[in-house]
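Presented sequentially are two complexes of subunit A, the first with subunit B as partner and the second with subunit C.
Let's look at the complex of A and B:
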C-alpha cells in the first residue's frame, strides 16, 4: 500500500513536468493549429541553458531558470517568425514537416553547443521528509510546486489579461478575431514566447529531477502529445489531468512491472484512449 | 513523337541503363550505396502512398522496416526457413501488423495521426532494444544469410559478397515492381479516392466514400513495402541492430518524399537516392549533419514545397515551349 503512495508521489513530480510540456503544446495547437514537435528539443535547450548559466555565473537554480526562460521565449519568437510564419497559409502537413526539420536542427544544435554528455542540474534541495512511512524528497515537492505556480500564472494570464482575451479569441475563431481588430500575427508571437518559456522551465525541472541527454527531447515531445490526446486537444484542464495521469501510470509501471517498458506505457494509454474515447478524457465531442 | 511515346522510350532507356549499371560502376562502395538507395526507393514509395497521396504523414516507416528486417532474419535463423520464402512472407506479416495498429490510429486526423505513428515507431524501437533474448538488443544479430543461389539456364546465380550485382538486380527488380504497384494504385480508382481524401476528407465521406477503409489500405500497403525493404536490407547488410530503425530514419523517409516530390511516382525514387547519397557528401561536416539535414528539410518545405521532380518537370516544359514550334 505504502509502495503505491510512494510511486504515485514520484509520478506526480514527473507528471507535473509533463503538464508544463503539454500546456506549451496545447496553447500553440489551439492558436495556430500547429503540432509543434520541436517543443521537446526546445525544452532540452532550456535545461542545458539553465545548467550552463548556473555553472558560469554561480547563481541559484531558480534565477538561472528565469534567465533561461527569457532566452527560450526569444528562441520561440525566432522559430515562429522564421520557420512557421512562412507556411501559415500552406496545408498543415507542411507546418508539421517544418516542425520535424526544426526538431532535427534543435537536436543538432544542442549537440554542438552542449556536447553529448548527460547533464544533471545540481540543486540545493536534497532533503527527504518522512510522512507516515512515505519518503518525500524535497526536490519532488519543489518541482510540483513550481509547476503549480507556472500553471496558475498561465491560467491567470489567459483568463484575466487583455492579451489572454485576444489569445482566446484567436483560438475560438481566427477570422472573426481578425475582423474584430485582433493583431493575430502578434498573438501568435506571444503564444510562441509563452509556450517556449514553459517548455524551458520543464526542461530545467527535468534536468534537476532526472537528467538531460541528447534524444530526451523527442521522447518528451511525444509524451506531451500523448498527454494532449489523453486529455483532449486544446483543453487546458485536459492537459493538466492528462499529464498527472501519465506521470503516475508511468511511475506505477516502473515500480511494479519493469522500468525498461516504462516509456511504452505512455503509448499504450494513448492507443487505448484513441480506441475508446478519441476526443480525450476531458474533450468535447 | 507524342508525350507518352517519349515517356515510354525514356523509361526503357532508363531501365536498360539500370540493368547494365553493375558493368559501369567500378567502385564497389558506390555499388553498395546504389543497392541501399534502391532499398530506400521501396521504403519511400510506401511512405509516399500515405504522405503524398492520402495526405497523412506517418512517422513509423523505419519502424515497420525494422519489423520486416527482424521478422525475416529471425525466421531464417531460428526456424531455418529459406531466405526466399521469408522475403516473400515479410510484406504480408508487416501488412497484417499494420492493420492492428492502423485501425485505432486512423481515428485521429492530421498532426495527431503523425504523433501516434511516431509513438509506434518508438514502441517498436524500444521492443527491439529491450527484448534482447530474441532480438539480440544493442549488440544485434550478425551473420544473416543471403538468399540461396539457384541455377538458371545453366548459369549459377549466387548472391554472396559485398555489392553483389545479382543482389543488385534482385533489389532493382523489386524496387521497380513496388514503383509499378504504386503507379497502378495512383492511376486507379483507389488512387483517385486517395487524392479526394487528401483534398477534402469530410467531403469524401459525405459523398459516400468510406474513407477509413482507403486510409487503412494505404497504411497497410505502405507498411508492407517498408517490411519488404527491411527484409532486403537485413539480408544484404548481414547484420542487424535496432539503430537504423529509429525515428530519425522515419524522418528521413519523409524527407525523401518531400525532397523528391510528394504525390508523384518518380519523386520518391529521386528522393531515395538523394537521402542515401546526400549524407555521404555531408560526411565532411559530420557534426553539422543533423543541423544541415533539418535546415534542408525546413528550407525545402518553405521554398520547394512540391519537391524536385515537379519543379524539374515545369522547367522541362518551359524549355520545350521555348523551342521553335513546327508548323
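Let's look at the complex of A and C:
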C-alpha cells in the first residue's frame, strides 16, 4: 500500500511538469489552432538559461527561473511574429510545417548556445520528510507547489482579467472576436508569451528534478501532446488532469510492471481513453 | 688529353662519392598516425573524452622527448580523434575512414563496449593493431582476435571479486538496479551472484534502467519495499549518480555498492557529496590516490594542467596504450610491419611509463587472449572524495584460462 502511495507521489512531481508543458501547448492549440511542436525546445532553452543565470551570477533558483520565464516570453513573442503570424490566414498545413522546421531550428540553436553536455540544476532543496512511511523529497514537493502556483496564476489571468476575456473570445470564435473589436493580433502575442513562459518554467523544473540535455525537449513535447489528447484539445482542466494522470501512470507502470515499457504504457493509457472517449477526458464532444 | 683526364678524374671522384654517400643511412623523421576512436559526446563521453585526451597527452610527451626512435627512423606522433558517440554504426564508419582514408595502422581508445564490439567483429581482416581501453565486454578478448589487445580487464573478472567482498561484509539480500540490457553489466552480475550464492546470500531483485534514463524512483521504490540489506548499482556514471541521489531522496539508508568508475567532478554534477556519502565503487583499481606512484602523480598533474579538469579514473587505459605501442615499435625497430609489432606486444613486459598497475601473466603484460589485468579495488566516497579502502583479491591465472576456454 505504501508503495502505491510512494509511486503516486513520485509520479505527481513529473506529472506537474507535464501539466505545465501541456498547458503551454493547449493555450496555443485551443486559441490559435497551432500544433506548436517547438514547445519542447523552448522548454529546454528555458532550462539552460536558468542554469546559466544561476552559474554566472549566483542568483537563486526561483529568481533565475523568473528571469528565464521573462526571456522565454520574449522568445515566444519573436516566434509568434516571425514564424506563425505570416501564415495565420494560410492553410493549416503551412503552420504545421513551420512548427516542424522551428523545432529543428530551436534544437540546433540550443546545441550551439549551450553545448551537448547534460545540465543538472542544483538547488538547495535537498530535505526528505517522512510521512506515514512515505518519503517526501522536498524538491518534488516544491515542483508540485510551483506548478500549482503557475496554473492558478494562468487560470486567474484567463478568468478574471480583460486580457483573459479577449483570449477566451478568440478561442470561442475568432471572427466574432474581430467583429467585437478584440485585438486578435495582440491576443496571439500574449498567448505565445504565456505558453513560452510556462514552457520555460517546466524546463527549469525538469532541470532541477532530473536534467536537461539534447533530446529531452523532444520527449517532453511528445508527452505534452499525449496529455493534450488525453485531456482534450484546448481544455485547460483537461491538461491538468491529463498531465497528472500520465505522470502517475508512468510511475505505476515502471514500478509495478517494467521500467523498460514506461513510455509505451503511458501511450497505451492514452489509446484506451481515445477508444472510449475520443474527445479526451474533459474535451467537448 | 690532359683536360679530358682531369674531367674524367673529377667525374670519377664525384661518382665514387655519390655511391658511398648513397650507401650511408640518414635518420629519417617519419610521421606515425594514431587513430583514436572514442565517445567524445553523448552518455559515453564521461569515459571516452578523457581517454582521447590521455592519448593526445601521451603523444605530445613522446614528441617533446624526440619521438619514437625505431631503428634508423624517428617517428613523430600525430593523433586523429574521431567521435563514435558510443554507437556501433558510427564506430564502424569512423574506423573505416581511419583505415581507408587516413591509412592509419594503429587504433586506440575504445571506451564503450557496443561500439568496440562492432569494430572488433571485422578488425581481424585489417592490417591494423587495435588497442581497446575502457570497454568491459568479455567477448572482445574472448574470441582471440590476433591483432586486438585490451588494457582494461573484463567486467566479470571484477564482478567475482566484488561478490566475495560484499558477501564478507554480511549482505545476504541484495537488490540490483542497473543497465541490465548491456551484456558486460550482466556478466559482472552473473559472476557477482555466483559468489553471493556461495556465501549463502541471494539477489532479491534485478531492476533495469536505460543508459539515458534519469528518473529511477519507480525502480527504487519497488526495491525499497523488499527491504534488501544492500543495493548494487551497475551503470554509467550519470544514471548511477541519479540512482544514488534518488535513493537518499526516498529515505533509503542501506549500503550502496556500485560498478561505475567516474571522477568526483562527474558525480558532483548530478548529486551532492552528502547524497554520495558512503557509496562504494567496486572496480578495477585504475587511477588511485592512495596507491599513486610517481607515474600516476605526474599523470594527474599534467592532465589537470593541460585540460583544466581532473582525469577520470579509467583514462590511463588509453594513455598506457600509447606507451605499449612505443615500447613495441622500439623493440621491433620499425612501425611499418604491424605483424612484427603485434608479436612484440605479445611479449611485452609492463612499460615503465604505464600509469595503471598491471598484473602480468607469465611475465608479460598481455595474456594469450591479448588481455591485460589490473588489480581490483574497493573504493568508498568519503567527504567528497573516492577513497581507496582495500584490494579485492582476484585470481588472474584462473580467469585467463577461463577466458581462453571460451574460445572453443
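FYI, the second predicted complex is superposed on the first by the 285 of 285 C-alpha atoms of A that agree within 3 Å, B and C clash if a C-alpha of one lies under 4 Å from a C-alpha of the other, contacts with A are read in each partner's own complex, and residues count from 1 in each chain.
FYI, a contact is a pair of C-beta atoms (placed from the backbone, for glycine too) under 8 Å apart; a residue touches a chain by one contact, two chains touch by 3 or more.
Everything quoted here is computed from the prediction, not taken from an experiment.
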| item | value |
| --- | --- |
| Simultaneous placement of subunit C and subunit B on subunit A, clash or fit | fit |
| A:120 touches, of subunit B and subunit C: first, second, both or neither? | second |
| Contacts of A:275 with subunit B and subunit C, given as first, second, both or neither | first |
| Contacts of A:103 with subunit B and subunit C, given as first, second, both or neither | first |
| First (subunit B), second (subunit C), both or neither touched by A:218 | first |
| Which of subunit B and subunit C A:112 touches, first, second, both or neither | first |
| Arrangement angle, subunit B at one end, subunit C at the other, subunit A at the vertex (C-alpha, nearest 10°) | 70 |
| Partner chain(s) touched by A:264 [first = subunit B, second = subunit C, both, neither] | first |
| First (subunit B), second (subunit C), both or neither touched by A:87 | first |
| Contacts of A:63 with subunit B and subunit C, given as first, second, both or neither | neither |
| Subunit B and subunit C, minimum CA distance [Å, superposed model] | 5 |
| Those residues of subunit A which subunit B touches in one complex and subunit C touches in the other | 260 |
| Touching residues on subunit A, where the partner in the complex is subunit C | 2-3, 6-7, 10, 14, 116-118, 120, 122, 126, 128, 130, 135, 137, 139-140, 209-211, 215, 250-256, 258-260, 262 |
| Sites on subunit A touched by subunit B in the complex | 29, 34-35, 37, 83, 86-87, 90-94, 96-98, 100-109, 111-112, 218-219, 222, 225-226, 229, 233, 260-261, 263-264, 266-267, 270-271, 274-275, 278 |
| Touching residues (chain side subunit B, partner subunit A) in the complex | 51, 55, 57, 59, 101, 104-105, 107-108, 110-112, 114-116, 118-120, 122-123, 126-127, 130, 247-248, 251, 254, 258, 287-298, 301-302, 305 |
| Contact set on subunit C toward subunit A in their complex | 41-42, 45, 181, 207-210, 212-219, 221-222, 224-225, 238, 242, 248-251, 269-270, 272, 274-275 |
